[in-house]
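Once you've had a glance at the structure underneath, I'll fire off some questions.
Order as written gives the chain letters A, B, C, D, E, F, G and H; numbering starts at 1 within each chain.
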Amino acid sequence: MAVDGIAELDHDRARRRGYPEAVFCQGKSPAQLRAIATALAERYAGVPAEDVPVTLFTRADAERAEAVLAVLPDAMHEPEAQLLAWPATPPRPTGGLVVVACAGTSDLPVAREAELTARYLGRRTELVVDVGVAGLHRILARTETLRSAAAVIVVAGMDGALPGVVAGLVSAPVVAVPTSVGYGAAFDGLAPLLTMLNACAPGVGVVNIDNGYGGGHLAAQIAAPRAD
Amino acid sequence: MAVDGIAELDHDRARRRGYPEAVFCQGKSPAQLRAIATALAERYAGVPAEDVPVTLFTRADAERAEAVLAVLPDAMHEPEAQLLAWPATPPRPTGGLVVVACAGTSDLPVAREAELTARYLGRRTELVVDVGVAGLHRILARTETLRSAAAVIVVAGMDGALPGVVAGLVSAPVVAVPTSVGYGAAFDGLAPLLTMLNACAPGVGVVNIDNGYGGGHLAAQIAAPRAD
Amino acid sequence: MAVDGIAELDHDRARRRGYPEAVFCQGKSPAQLRAIATALAERYAGVPAEDVPVTLFTRADAERAEAVLAVLPDAMHEPEAQLLAWPATPPRPTGGLVVVACAGTSDLPVAREAELTARYLGRRTELVVDVGVAGLHRILARTETLRSAAAVIVVAGMDGALPGVVAGLVSAPVVAVPTSVGYGAAFDGLAPLLTMLNACAPGVGVVNIDNGYGGGHLAAQIAAPRAD
Amino acid sequence: MAVDGIAELDHDRARRRGYPEAVFCQGKSPAQLRAIATALAERYAGVPAEDVPVTLFTRADAERAEAVLAVLPDAMHEPEAQLLAWPATPPRPTGGLVVVACAGTSDLPVAREAELTARYLGRRTELVVDVGVAGLHRILARTETLRSAAAVIVVAGMDGALPGVVAGLVSAPVVAVPTSVGYGAAFDGLAPLLTMLNACAPGVGVVNIDNGYGGGHLAAQIAAPRAD
Amino acid sequence: MAVDGIAELDHDRARRRGYPEAVFCQGKSPAQLRAIATALAERYAGVPAEDVPVTLFTRADAERAEAVLAVLPDAMHEPEAQLLAWPATPPRPTGGLVVVACAGTSDLPVAREAELTARYLGRRTELVVDVGVAGLHRILARTETLRSAAAVIVVAGMDGALPGVVAGLVSAPVVAVPTSVGYGAAFDGLAPLLTMLNACAPGVGVVNIDNGYGGGHLAAQIAAPRAD
Amino acid sequence: MAVDGIAELDHDRARRRGYPEAVFCQGKSPAQLRAIATALAERYAGVPAEDVPVTLFTRADAERAEAVLAVLPDAMHEPEAQLLAWPATPPRPTGGLVVVACAGTSDLPVAREAELTARYLGRRTELVVDVGVAGLHRILARTETLRSAAAVIVVAGMDGALPGVVAGLVSAPVVAVPTSVGYGAAFDGLAPLLTMLNACAPGVGVVNIDNGYGGGHLAAQIAAPRAD
Amino acid sequence: MAVDGIAELDHDRARRRGYPEAVFCQGKSPAQLRAIATALAERYAGVPAEDVPVTLFTRADAERAEAVLAVLPDAMHEPEAQLLAWPATPPRPTGGLVVVACAGTSDLPVAREAELTARYLGRRTELVVDVGVAGLHRILARTETLRSAAAVIVVAGMDGALPGVVAGLVSAPVVAVPTSVGYGAAFDGLAPLLTMLNACAPGVGVVNIDNGYGGGHLAAQIAAPRAD
Amino acid sequence: MAVDGIAELDHDRARRRGYPEAVFCQGKSPAQLRAIATALAERYAGVPAEDVPVTLFTRADAERAEAVLAVLPDAMHEPEAQLLAWPATPPRPTGGLVVVACAGTSDLPVAREAELTARYLGRRTELVVDVGVAGLHRILARTETLRSAAAVIVVAGMDGALPGVVAGLVSAPVVAVPTSVGYGAAFDGLAPLLTMLNACAPGVGVVNIDNGYGGGHLAAQIAAPRAD
């Protein structure tokens, strides 16, 4: 679907991969986003909401979110996660549970982006907050929840030690999302990124720094219903 | 299981995580490896091979492999992958198929380590070689094989572009393993590592550079039999 | 041409290299730019526009563009590309076609800077947008256009995988322009820069991050008319 | 052309791109190289040498070169450049002249790899040595040679300043090849790589550190005969 | 000289080293700067200006400069260089000439800081602008001036190639000052810094990025009157 | 203590470690901080101030400090150090003396954060300012004070040389806190961080860049009363 | 004590700091080490061993150790830790206990260097091995031992997560020693170094990568007998 | 002087700069070095030694030194400094004194290279060893020597703190030479390099890591006889 000579939305992707396209808003102008939203609105005009595949708009700051909402006023908008979804109702969940564990309060925006992405891609989700390794009893107290997941997303900044600890507690795959939370030698997320890549416990797959969307997407794929 | 005051093998891990411990041989002396192998041999003396959980020995160079084989002469040894497994027979496969796609011939050792790890953790595997993006027809010709996988491991050095391309073709999760193949600005695997973390297509989880074991382990977990 | 003790414009360069000087506006004050523009205006006062060699003003933000336009109100100004050209009419095109392929919508400003530079240096140009490798069918559908070029400029951020893929499809040289589009481990363009330097397919020459001007200039030179 | 389950030679590439495949020897075992060489020998058995497309073997150290020569004893072998070509006779030159300028004696191996690559891809070549910027008169004395080229390859380590200086002297495109010559803050070629990417003079396309093959290939493409 | 429990001015330094203290304003609050300026004013109250040793205030943005000028209204203030000097009259020059060569117009603020520092430390100075290596004739035309210097300061951003070229032309020491002028792979001055450290021509001493004060100080020491 | 589903305060920590929790304010919203402060106020409502364990709020900019003060108006607030403490009265000091040595005036905010942290954790403290190594006599004049400490905190930016020099003068442990004071090749504190990690004198433990809180905490632990 | 014009042993240091000098053997020639050992032997000739202050020789590979032993045959030599001590008997222990926790078997050489250093500086020591965070029960089982220490040294490579976890369990200071154990994105110890600097739990002081000597020295100082 | 098509010796340099060419041996083959040495020998055949300008051969390992000595057996050869000089007798000294201060014994090879270079370029030299900042009394004891110099070269690895300390003690310029002595976070000399670039005391010019030749050359220029 060509939009204004500025974008080539990959609608074939839903067929090819089973998941809809997402629109990365950062770096796009509000005008470009309005054009993309308009093209979507026109394409699905008259189609019942439950038959319209969800489109996600990621990394949308206030100005960009407003541009999308001007065209799609009924979209879901979570400002903390800089995420919009249209239509607003997530699909009925299938597959396994996705648990999102978040090391600290400051990591919440990324954790929420991950959780909502997994939910809009069709999974049940559960969020566990403020369970960093400085007080191990907090994460150990949640072992049962973690073990009930088909995929665990672990979001952490600073030392990024949580995913390796969680991977040592569960048999499900762990999706590790480093965040830019921290300062100094955290180097905008480089430190937790390296920690996660070097996790002593196997079973950890890492995505980009602050990439809640990518973490949620990967976990949704892992926990998807499957007939081997 | 305490070994000689030098190691504390985590046999509880099989119970906790469902996967056996692996022994990381790099940095251990041959004498230490002999002691560990002896402890294993003694623990399972008299137990039928099919009842002994597999132990992997990873990153074992010739000298270290010899030390293990001196104690466990019937172990499987794949020198190219620097891997040993004892007992030598992998478990009967369960769960989904793991496909390993390898960008270039020079990436084969890491790809083989990944494939064997997945197989010894109980999955069926298939290896696809020399399908780098410089000649796209090679990977496109394997689309059907890739789409039959429950998890795809993609091993690539240099530009590391293959995982993102594969992720755009399949709906299964992609485990990306960057390798240190290349020179100059590949910076011993940093370049493909960054490429994979920034893959435009979502659905890519990255492990450490040259970490075939980690890639195989994560893919085996993703493709494990599951009852949601 | 000495300007105010602040610059030494290299008019000899047209003779030496066949291409006019460009004024890099970033880091120059508006007052300095006005002085430079005035010197140009005075030098070519009374000369017919078609006899005045084009001068480009690159990386001119709004304030700096305004300073130039205050003196040269009839200059071409493309705000998205932060580029001005004076006189405004590009030369009649000679040589081969320059195709600019742009991976994502967010890379458009750099792609436009490249395209306009090539055009003002005397080449025919064509722009192909939103053809990133996450959906290969998009770039494959443009193969014919790409193969008609004497030089292809490929502009991409994030994983920067597109230039290597394009180089595998065409026989013309590829000029790769990494962009700072992305976040986290894209490290402001470092990731795509490294990807491009390590492209598996030969035939890729890389320029600086976000250097649309440099990419357009190099492509214009490659596609220049030549008598061997 | 599948070789032994270890490689998939891209013979289609000659048709697609007009240039033959090269075999990157680093990281391949001598046994693998023998298998590849044997596959080549068998494919072209009985074909007159002048009808066999050239195959290059790059980055072949002594042991790997010996493996290739054991199968293809009549191949051209330049040990300094770690390059072999088979058949040994380069094609009759067409297109424009490629001049290779080499900053220091220690850069010669990379410069020779670049020159031979361009020659085996069908161009006339000329090599200019030891013309670093510490003594500018040396490069200035070669201005006429440089200006006769359709493409100039500049090979330099340490400060990597030569390509920018050459680009300021000629109208042809400059292909810059940084080398790992130097020590300390040269960081194995990182310093000249950055210098070249930031060259003040436009018209410089950069390839990977020590990538003489890539530099020669790109220059051969630039200087190829062309009908616009 | 203790100031307010916030600073310990090193007045002994003039005796020890022969050069006065400088006050680094960045990171100090306007209130702290007022306190320091007041302490100076009080200490030299009633002393004739020509007997007061010069104090430099470096890296003083508008707000900090204003704080100093509020106390020392007769100080010299050069906003472009973010420099103040009090008393305003530089000492009568002694020793050799310091020539400051500046690669581009955008490097002028740093070059001016270097020139003024050298002058206030007692040297004659001369500034040469916009003589980057992209047009070699510009720097070659100034060879005589450069050779008349007892120390040459070369200020350059981007590729940072100018100091090495100048060092090849003169017998005096060259003080190289990299600047943060540029973008992308210039990495805020890292690229020219590395270039200068790897200059092929010996005789180059490098100071910190954008450190015009340090460059001017070192050159003033080199060119100081000396009795061996 | 669960707060609003956004935080899990670790009150067990006082029992486990003997030191109260601190709230890292950066990255938390003012609303979240108000919720945390409210939870604290409610928990200790009616408890005499001297029986309430101190809670520190670190890295609180003006907006965040205001949010805390709105709920806990009697908290101690030091804006320069971006620190709040509630209750405002530090505990009666025990253990040894903590001396904080600060290299330059611009390092004062971090030094104050360190000093206040140590004081609120129960130690006597003393602050020594502007004793950088450029004028050694300043630090040498304070040798006696330094030698009276049970732990010395040294705060320095730029070259970060002071901790190694101090460690050579005293027998107590030195806690080194690098700061982001400086510019250019200080790389936001990386340079002093590396200097401190490589200090020639043993006895230096390093914390994160600008981490005055961490430095003060570690020093307070070192100087704690101890019965061996 | 001047040795041969090659070294200036700092015997004053024992008086100044209370700890003897150590000889860093790496980078010194065997001949230089023999000279230093000879100077020591001569200085203390005839002095009873218990009155001779211990000298440590650190980072002594086999060849260098042999050089020292040739002169001081009764020195203690621990090859794994590359450490020698002369005289061989450590001083009678005073102060608190130093516990060394070692994440993996491959970290043992550095852990042993730390432990022996602390012991030769006069502390009681205890070593806990193979307690990495991938199996938390291992470290939790040692909590009592850890809490009995006056200082805990934690040695870890790869993800370096152990020090932060330990710091959350104890009230004593933690000295963190990152090791170069690992591969790929461990970047020779950079990853665990950054993890430790960003540890979420306060109370961690970091020393250089593989610096067992420095870690042992700092812990010995922390646990030294003290009269506040 | 063209040598064998492999080098272009810059004999004009003596005239231009007043200092002879040096031959950088690293990266040159023994055969190439023999050719260069032969060309020198032939050029000055029959010329009295005192009329032959000195040529230095730098970074010559044993094999390369042997190649030079095979042709020029009477050359001076200092293996520790990897330096040869021919003719062997340095010129009669002129200008000021160059003092070389060396932080540790392991830095001696670089310090000797610097000292010999300055001597062969015509200066008096004096070497001060093992005066690192961990024991300040050592360097303070040499203040008088340092103050007698026209230029001070300071050679240091690890924390690289010595040049800044020395610069605070003298009025002459300091040439700082970082070395790769150290390990871990010294990153092969990066740490001391950054320290020196950020030295708090002005008056420090930095050269490349381990670049004793460059440091000696720059100091010789600074201390050269001068008529202002």
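Some points to look at:
Note that contacts are C-beta pairs under 8 Å (C-beta built on N, C-alpha and C of every residue); 3 or more make two chains touch, one makes a residue touch a chain.
Since this is a predicted model, take the numbers as computed values, not measurements.
Looking at G-H alongside F-H, one finds more C-beta pairs in contact between the chains of F-H.
For B-G, the equivalent interface within B-C, G-H or A-B is the one where over half of the contact pairs agree by residue number, namely G-H. Here the spacing of chain A and chain E, counted between their Cα centres, is 50 Å. Per-chain CA centroids place chain A at a distance of 57 Å from chain H. Shared interface positions of chain G, i.e. residues touching 2 or more other chains, are given as 13, 16, 104, 134-135, 168-169, 184-186, 190, 193, 197-198, 208-209.
Listing the residues of chain D that touch chain B in their complex gives 5-8, 10, 12-13, 16, 24, 26-28, 32, 59, 178, 180, 188-190, 193, 208-211.
Chain A makes touch with chain B in their complex at residues 13, 16-19, 22, 95-97, 150, 168-173, 175, 193, 197-198, 202-209, 213-214, 217-218, 221-226, 228.
Taken in their complex, chain B has these residues touching chain D: 104-108, 129-131, 134-135, 137-138, 181, 183-186. Remark: chain A residues 103-104, 132-136, 140, 158-161, 164-165, 167-169, 182, 184-187, 190-192, 194-201 touch chain G in the complex.
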